[in-house]
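Please read the structure below before turning to the comments.
To keep things simple, chains are lettered A, B, C and D as they appear, and every chain counts its residues starting from 1.
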Amino acid sequence: MGHYQPLLPDLILAMGATFILLLGPLRDSQNLRDFLRWISLGLVAATAATLVWVNHGMATPYPLVGEGWLTTAPLHTAFAVVFLATIAWTILASTVPDEDAGEWYSMLLFLGTGMIILARAANLAAVFLGLEVLSISLYILIAFRYSKRSSLRGGIMYLLLAGFASGFLLFGMALIYAVFGTLQIAEIRTLALATDMGPMAKVGFGLLLVGVGFKLAAVPFHMWTPEVYESSPGTVTGLIASSSKGAMLAAFIPFLFLLETHWSIIWLFAALSMVGGNLLGLREIRVKRILAYSSIAHIGYVLTGYLAGDTLSANAAFLPSITGVNAVFFYVVAYAASILGAFAALGYIQGERDLTLRDLRGVGRRNPVLAFCLLIFVWSLAGLPPAVGFFGKIYLFSAAINAGYFWLPLIGLLGSAIGIYYYLRIIVHLFMMPADASDPKVHASTLQEWVMLGSAVAVIALGLFPETIFSFLRAF
Amino acid sequence: MFYNNGLPALWLIPALPALGALIIFIFASRMPARAAGIIACSAISLSFLWVLNVGTTLVLGNHHHFVEHHWNWIAAGPFQGSASFYFDLVTFAFTFVVAGVGLLIHLYSYSYMKGDAGERRYFGYFNLFAAAMLVLVTAENAFFMFLGWEGVGACSFFLIGHWYQKSENTVAATKAFLVTRLGDIFLLIGLFLTATLVGVSFSQQSAWTQVATSSFIPGFGGLTGPQLILITGICFLLGAAGKSAQVPLQVWLPDAMAGPTPVSALIHAATMVTAGVYLIARFHILFALSPNLMLAVAIVGVLTAFYGATSAFVQTDIKRILAYSTISQIGYMFLGLGVGAWSLAVFHFFTHAFYKALLFMAAGTVIHSLHNEQNIYNMGGLRTKLKGTYLAFLAGAASLAGIPFITAGFYSKDAILWNTLSTKWGSPVIYGIAMLTALMTAIYSFRLIFVVFHGTPRKDIHVHLPDRLLTWPLYILAFFAIVAGFLNLPIVFGVTPIWEHSFARVFGEWQAEPLIHSHAVEWMALLGSGVLALGGAGIAWLLYSPAKAPMPEPAGDIATVENNTPAPYKAVWANFLFHGWKMDGFYNKTFVRGFRITSGVIAWIDRVFVDGIFEAIQAIVRGFHALVIFFQNGRVSRYAMVMLFGAVAIITILLIGSQR
Amino acid sequence: MTLLLSLLLIPLLGTALVGLSGWVDRNFARVATLIIMIVDLAVAIILMARTSGGPVQVIHPWIPSFGVSFNLYVDGLSALLILLTTFIGVIAVIISWNEIKEKVTSFHIWMLLLQTGILIVFMARDMMLFYFGWELMLVPMFFLIGVWGHEEKLYSAIKFFLFTFTGSIFMLLALLYVYFQHAAQTGVLTFDLTQLLQTELSATAQTWVFLGLFVGFAVKVPIFPLHTWLPDAHTQAPTAGSLILAGLLLKTGVYGIMRITIPMAPAAAVYFTPWIIGLALIGIFYGALAAYPQRDFKRLVAYSSIAHLGFVILGVFVGNAAGYQGAVLQMVNHGLATGALFLIGGMLQQRTHTRLFEMFGGLWRQMPVLGGFLLFFCFASLGIPGTGNFIGELYVMGGAFTYHPLVGALTVFGILFAAAYSLRIFLATMHGPETTAFKNLPDASPRETLALGTLVAALVAIGFFPNLVTGPLYYPPDLSVPQSGRATTPAMVMPVETGTPSPVLAPTSPPLHTYLLPMNSNQLSDQRFDIASLSPDQQEVR
Amino acid sequence: MTLPINEALILSCILFSIGVLGVVVRRNIIYVLMCIEIMMNAAGLAFVAASARHGSLDGQAFFLFVLPVAAAEVAIGLAIALLIFQRYKTLDLWVVARTKEA
C-alpha cells in the first residue's frame, strides 16, 4: 500500500465521486442537494490535504511514483491544488436543480480527478487517461441541461471534436512510443535530447501538439470554443476556460524540452491565438462568446510565457522567479480567478436566450454587487491594474522578453489593445447604457453573491499583492 | 515703503491705478455704478500726484535716473527681467502725460459715461489701462516693459469693444488686438535678440556699441554684429509700428474709434499709441548704431505722416479724421526718431498728447451734445451753441496745424522738421515730404473747424449742453496745447531750449546735432513751416468755408456714409484715400482670408485625414475580424477540417522547417 | 515617511468613506469627497514645504521576486505636480456640485480613484509602480467620460482608452527591456528608476527604448499626430473630467518624458530632438489653426490644448534651462487656464444645454461675472503678461530661441494664432448681438465664483512670481533643471580683443544628457536665489 | 510468425487517415463517432505494433486503456445523439448547426 500512497488523493476523489453518484438518485430535495454540496466540498478539501501531505518533502525533480505514473514535483502539486480550488469554487457557485444534484457534483469531482491526474502526469498513458477522464466528465457537464437544444449541440460538438483531437494525440503518442519505446516522459526527454529526432518522432510530437492545442483552444484548433462556451452552464464554461486548460498546461510542462525543436509551432500558436482570439471577439455581441474568444487570446499569452520555458531561457540564471512556467502558474491562477467569476456571473444573468450585450444593460443599476464583481473580473481579464490579470500579463511578457522573444510580447500587447475594445464594450453595456424596458433576470442566491464578492476581492487583493501567489508556490 | 533712502518709491505710480482697478473688479457687483468712477478718478489722481512728487524730486535733485528693484520676475538663462522700475526724464514726460492727461480724461469720462450699462467695467479697464501704461513707461527693462505693453493692448481691446453688442465694435477690437499683436511678435523676437546679445535692462544698452564692432557672434549662424543690430532694430521698428499704428500696421487705428470717445482720447491718441515712440527712444543707442535703421525709421515716419494726412483729408467721421491725424502725427514723431532727434520726438509726443486728447475730447463733447452724431457733414454752426468747446477745439486744431509762434504744435513739429533738414540722418527729400504733409495737416485741421463749427447747422438737432466735467478738462488741455511749446523755444530765438537741454542728459552723445549752423537758414525753415500752416488754414477756408460746397463732392446722401461704406465719393482717388489707401481691403483679402481658409483646411484635414488614419486602422482590424469570423459557422466537419489543416501545417513546418 | 503614504491613502481609503456616506445621503458623498480632497491638498502643501529640504522618499518591498518595490519619491518637480493635482481635485469636486445629479456617489469614488492613480504616477520612482498608476488612471477616467459624459460619450471614452492603452504598450516593452538589460549587466533585479538609469544601453537600444517610451507618453501629451482622441474626450467628458484631463492627465505624459524618457535614453533624445521639435512646432500651429474654426466651445479649447502642449514639449526638448522651466510653468498654467476654460464651457452647457458657438452671443449682459472670468481666461490662454501663461510661453520661446534663433522666431508666431482662437472663444459667446434663445441665465454662483476666482488668483500669482513654480525645481538635489537655469548674471559683454571671436552672448547650452541625468551633488544649490539685480543698491543715483 | 512492424505502422497510418477524412467529410453524428473510433483504433494498432518492436508491454497495456475510454466516449456520444435526434429530428450536424435556438 505504501507504494501506492501517492495515488491516495486521486483515489479519494474518484471514489468519492462514485459515492456521490450513487447517492444522487436517493431523493429530490434541497436538503440532499445541500448535503451533497458540502460532502463534495469536503471531499475536495480532503483530496487537497492528502495531496499536500503525500507530496510533502518529496520535492525531487520528477520522482516517479505508482509505477511511474505521476510526478510529485511541487509545481505540479501546486497546480493540482489550484485546480481543486476551482472545483470547490464551482461547487459553491453553481446552481443545479435538486433532482440532478448527485450527477452534477459527482461529475465535477470526476472532472477534478481528471485534472489532478493530468496535471501531475509523468507518463503518456497518464496524460491520456487524465485527459479522457476530464473530457468525458466535461461532455456530460456541457450537455447537462439536456432539455435545451443548444446544450446538446455544444455537447456533441465538444465530444466529436475532442474525440477527433484525442485521436491525433493518441496517434502521436503511438508514434512517439514507436520511436522511443517508452511511455515515461522523462525517459523520452532524455532520449530525444540525446539524439537528433527523426521525422517520425517529429511528426509524433506534432500530432501530440494538435491534441494539446485543441485542449488549450489555441488557433487553429480554437473553432469549438464559441459554441461550446455559449451552450455550457456558466460555471462549467469557467472550468473549461480555466482549469481544464490549466491541467493541460501543467501536463505540458514535462514536454517543455520540445521547445528545442518545436518552438516555432508554439510561437505560431501563441501569435495566432493572441491575434486571432482578439480579432474574433471584436464585434461579437454574445457575451459568453466574447469571453470565449478572449480565452483564445489568453492562451496565446500563456504560450508566450511557455516559450520562455523552464531552464532553457538565456537569462534564467539570474531571474529564478520568472521562468516561463512560474509565470504560467501565476497566470493560470490569475486567469482562473477572473474567468470563473466572470462566467459564473454571466450564468446568473443568463435568461432563456443567448446572453447578449444588450441583456447586460441595467444590470449595473439593478444588481450593483454582481455588476461590480463582473467589472472587476473583466478588468482583470483586460489586464488592468489593480486586478491580478495585470501582473499576470506582465510576468508572462517579462518571461518572454527575458528569454529573448521581443516580437511576441509586442504582438500580444497589440492584440490585447484590440481586445480591450470588447472588454470595454462589456463594461459600457453594464454601466453606461440605459436599461431596456424588460428587467434583466438575475438569479443568484445570497451564498453565490458572497462567493462572487469574495472572488472579486481576491482578484483585487492578488493584484495588489501578487507576491502571494509565488509564496503559495514556494510553500510546496 | 513709500520712500526709500528719502526718495519716493516708484512702484506706487502704477500700483495705485492697479489697486483701483482691483477694487472695482472685485466689488463691481456690490457697488453703485457711480462709485466705480469715483474710485478710478481717485486712484489716477493719487498716481498723478505721486508722479509729480517723483518727477520734481528727479528734476530738482538733478538725478539722472532712479532705479528700484523689487524681485526677479523672469530668470531663465540669458533671459533676465526683474520687476524693477526706472525713472528718468523720458519716463517723467511719459508718466506726466499718462497720469495727468489720464486724470483729465478720467474726470471727463465720469460725466461722459454716466448712465452707461457697463460703467463699472469701463472704469475698471480704464484704471487698468492706466496701470499698464504706467508700467510700460516706468519699467526698468524691456521684459517688464512688455508686461505693460501687452497690458495696454489688452485694455485697448476691452475698451474698443466696450459696447460689445454691436458686432462692428467687436470686429474693430479684434482687429486692433491682432494687428498690434503681430507687431508684438516682432518686438518679442527683438527682445530675445536683445536679451541674448546685451541684456534687456535699459541701463545695459550701451553694450550695443560692442556688438556693433563684433564680426562674429556665436549661435547666430555667422551673422555679424551690425547685421544682428539691423535685424533687432527692424524687429523693434515693426513692434513699434504695430503699437503706434505706423505703416504698414496702421490699419487698426481708424477702426479703433468704435470705442467710447474718452477711450480714443486717452488710448488711441495720447498714450498707448505713442508706446512705439517710447520704445525706440529707449533703444536709441541700438538705432543710432545703424544708419540704415535710422533711415528705415525716418521713412516709416514720413510715409505714415503723409499717409495719415492724405487719408484724414477726405474722412467724414470726426473721430476718423482725428484718428488719421493721430497716425500722421505719430509719423512725425517717428520721423524725429529717425533723424536722431530723440528728445524732440518725445517733445512732440508731449505736445501732441495735449492737443490730440483735447481734440478728441472736444469732439466727444460735440458728439455727446449731438446725441452720438459723428458725421461732420451733419454738424455745422456749432460755434455759437458750444462756445467753450469751440474755443478749445480751435486751440487744439491750431496746435495740430502748427499755427506759428503761439501753439505748442508749431514748436514741436517745426523742431523735428528742422532736424530732418539739418542732421546727418536727415535728407531734403524727406524734409520736402514732411513739409507737404504739414501743409495738408493744416488744411484738414481747419476743414474740421470750418465744417463743424462754422456756417449753419445742416441738420436740425437739439444740442444739449455739456456739463462742467465735460468742458473744464478741455480748457486745461487747451492751456497746455498752447503753452507747452514754450518748453522748447528754438535756439534762434536766443534762448536755451529747456527741453532739449534737459534731455541731453538722457540721450547724450546719441542726440543728433544739426550740421547746419546758419541761423538764417533756420529762420527760413521756421518761417517756412509757419507760412505753410497759415497757408493751409487759408486753403481750408477757400475750400470749406461755409459758403462753399464740401470738396470733394460726396456721392450720395452724406448722412448715410459710414465707415464701411464702399465708395462714398465719386472720385476714385478720394475713395482710395477714404479707405486708407485700400490697405484694409488688401489685408483682409490676403492675411485674414488666408488665415480663415488655412484654419478651415487644417480642421478639415484633422477631421478627415488624421482621424481618418485611425479610422482606417480600425476598419482594417474590422476587416480581419470579418475574415476570421467567417469560419465560425458551427459546422463540426468544417471545424475538423480546419483542425486537419492545422495539423498538416504543423507537420509540414516540422518536417521542412529549420531548427532554432 | 508617512506623508507620502497618507497622500496616497487619503483618497484611496476615502472611497470607502464616500461610499458609506453616499449610501446615507448623496450630498454627504459630495461633502465627504470635498473634505478628503481638501485634506489631501493640505498634505500636498506640507509635502511641498518638506521637499524644499530635499527629496522625500519611502520604500517598501512589494514584489521582491520581481524587483518591484513600493518606491515613492518626491522632489520639487513631483511636489509641484502633486500640488497641482490636489488643487485641481478640489476644484473638480466643487465644480461638479450641481452638474452631477445622478450616480453621485460612484462619481466621487471614481474621482478619488483617479486622483490616486495620478498621484502614483507623479510619485512613483519604481517603474512598475509607475506603470501600475499609469494604467490605473485609465479606468476611472473611462467611467467619468462614459457615464457622466455628453452625447458622444461612449465613442469618446473608448477612443480615449484605446489610444492611451495602445501607447502604454510600447512604454511597457521599453521599460521591461531596460529592466532586463539592467539585470543582465548588474545582476540586480530592480525597477527603481535611479538604478535603471545607470543601465548602459547601446545606441540602437537607446533608439528603440526612446521611441517606445516616447510613443507611450506622446499619446498622452498628446503630440501631433497622436492627438485625435483628445478633442473627443475633452469635449464629451463632464466638466470635472475635462478639467482633470486637461489639467493633469496630459501632464503625466510630459512628466514621463521629462522624468523617464530623456534620462533613460539621453543620446537618442539628442538624436531625435530636431524631429520632436518639429513635431512640437507643428503641434503649436496645427492645434491653433485647427482650433479656430471649431463650432463647439469645448472642442475649440481641446484643440488649443494641443497647441499649448506643443509649447511644453518644445520647452522640454530645446535642452536648456529656460525651455525646461518654461515647460514646467506651461504645464501648470495650462492646467489652470485651460482647465478654467473647460469649467466655463461646462457652466455654459449646464445653463444652456449647448456648446455650439452659433447658439451663443451677447451673453455678457446676462452673466457679467462669468463673462469677466471667461475674458480673463481667454487672455490667459493667449498668453497675456501678468498671467502665468505668458511667463511659460516666454520661457519656452526663449529656450527655443537659445536652441536656434529661427526656431525661437517661429515659435513666437504661435502666440498670434493663439490670440485668434482665444479671442474667438470670448467674442463668440459674450460679444455681439444678444441671442434671444436664452433668457435669464443665472450668473456665476458663489461656488463657481470661488472656484474660478481661485484659478484667477493662482494664474496671476504665477504671472508675477514665476518662482512659485520654478523655485521647487531648484530644490536639492536639483534633479531636473540644467545648470544654466539658475539665476545668474545677465548676459555680459566683454571687451573685445582683436582677432578673437567675440565673446558676446554665447548662448551655449550643455548637451542634453549632462543635465537631465540625476545629479547627486548639491553644488548648484548655493546660488539659488542669487538675485540678478542690476545694481547693487536698490536705487542707484547717478 | 513475426509481425511486420513497418507495414503495421503504415496500415495504422492509413486507418488513421481514413478516420480523419471520415470526420472531415461526414455530417452524420453516428458516422463521425465511428470515424473517431477508427482513429483511436488505428492508434491502438500502432501501439501494439510498436510494443512488439520494442518488446515491451507498455504499448499493449496502453491499448487496454484506450479501449474503455473510447467505449465511454462513444457511449456518451450515442446518448447525446439520441437526445439530439429527439429534439432536432435529424442527426445531420450541419442541420443541427443551422437550427435556431429553442
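Here is the rule we use: a contact is a pair of C-beta atoms (placed from the backbone, for glycine too) under 8 Å apart; a residue touches a chain by one contact, two chains touch by 3 or more.
On a predicted model such as this, the values are computed, not experimentally measured, just so you know.
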item	value
Per-chain Cα centre nearest the global Cα centre, belonging to chain	C
Between chain A and chain B, centroid-to-centroid distance (C-alpha), Å	78
Whole-Å gap between the CA centroids of chain C and chain D	66
Euclidean distance of C-alpha centroids - chain A vs chain D, Å	26
Averaged-CA centre spacing for the pair chain C and chain B, given as whole angstrom	36
Per-residue overlap in chain A, given as positions that touch at least 2 other chains	153, 156, 160, 164, 168
Where chain C touches two or more other chains at once, by residue number	none
Of all residues in chain D, the ones touching two or more other chains	20, 23, 32, 93, 97
Pairwise chain contacts, counting only pairs that touch as defined	A-B, A-C, A-D, B-C, B-D
Complex interface listing, chain B residues touching chain D	633-637, 640-641, 644
Residues of chain A that touch chain B when the two form their complex	153, 156-157, 160-161, 164-165, 168, 199, 202-203, 205-207, 209-210, 213-214, 220-221, 223-224, 226-227, 260-265, 268, 276, 279-280, 282-284, 418
Residues of chain A touching chain C in the complex	315, 318-319, 321-322, 379, 384-386, 390-391, 394-395, 397-398, 401-402, 406, 409-410, 413-414, 416-417, 420-421, 424-425, 427-428, 431-433, 465-467, 470
Touch list for chain C against partner chain B, complex	224-225, 227-228, 286, 289-294, 303, 320-322, 325-326, 362, 364-365, 368-369, 372, 375, 379, 384-386, 390-391, 394-395, 397-399, 401-402, 405, 408-409, 412-413, 415-417, 419-420, 423, 427, 430-434, 464-467, 470, 484-485, 487, 489-493, 495-496, 501-502, 504-509, 531-535, 538-542
Chain D partner contacts - residues on chain A that touch it in the complex	124-125, 128-129, 132, 135-136, 139-140, 143, 146, 149-150, 152-153, 155-156, 159-160, 163-164, 166-168, 170-171, 173-175, 177-178, 181-183, 353-354
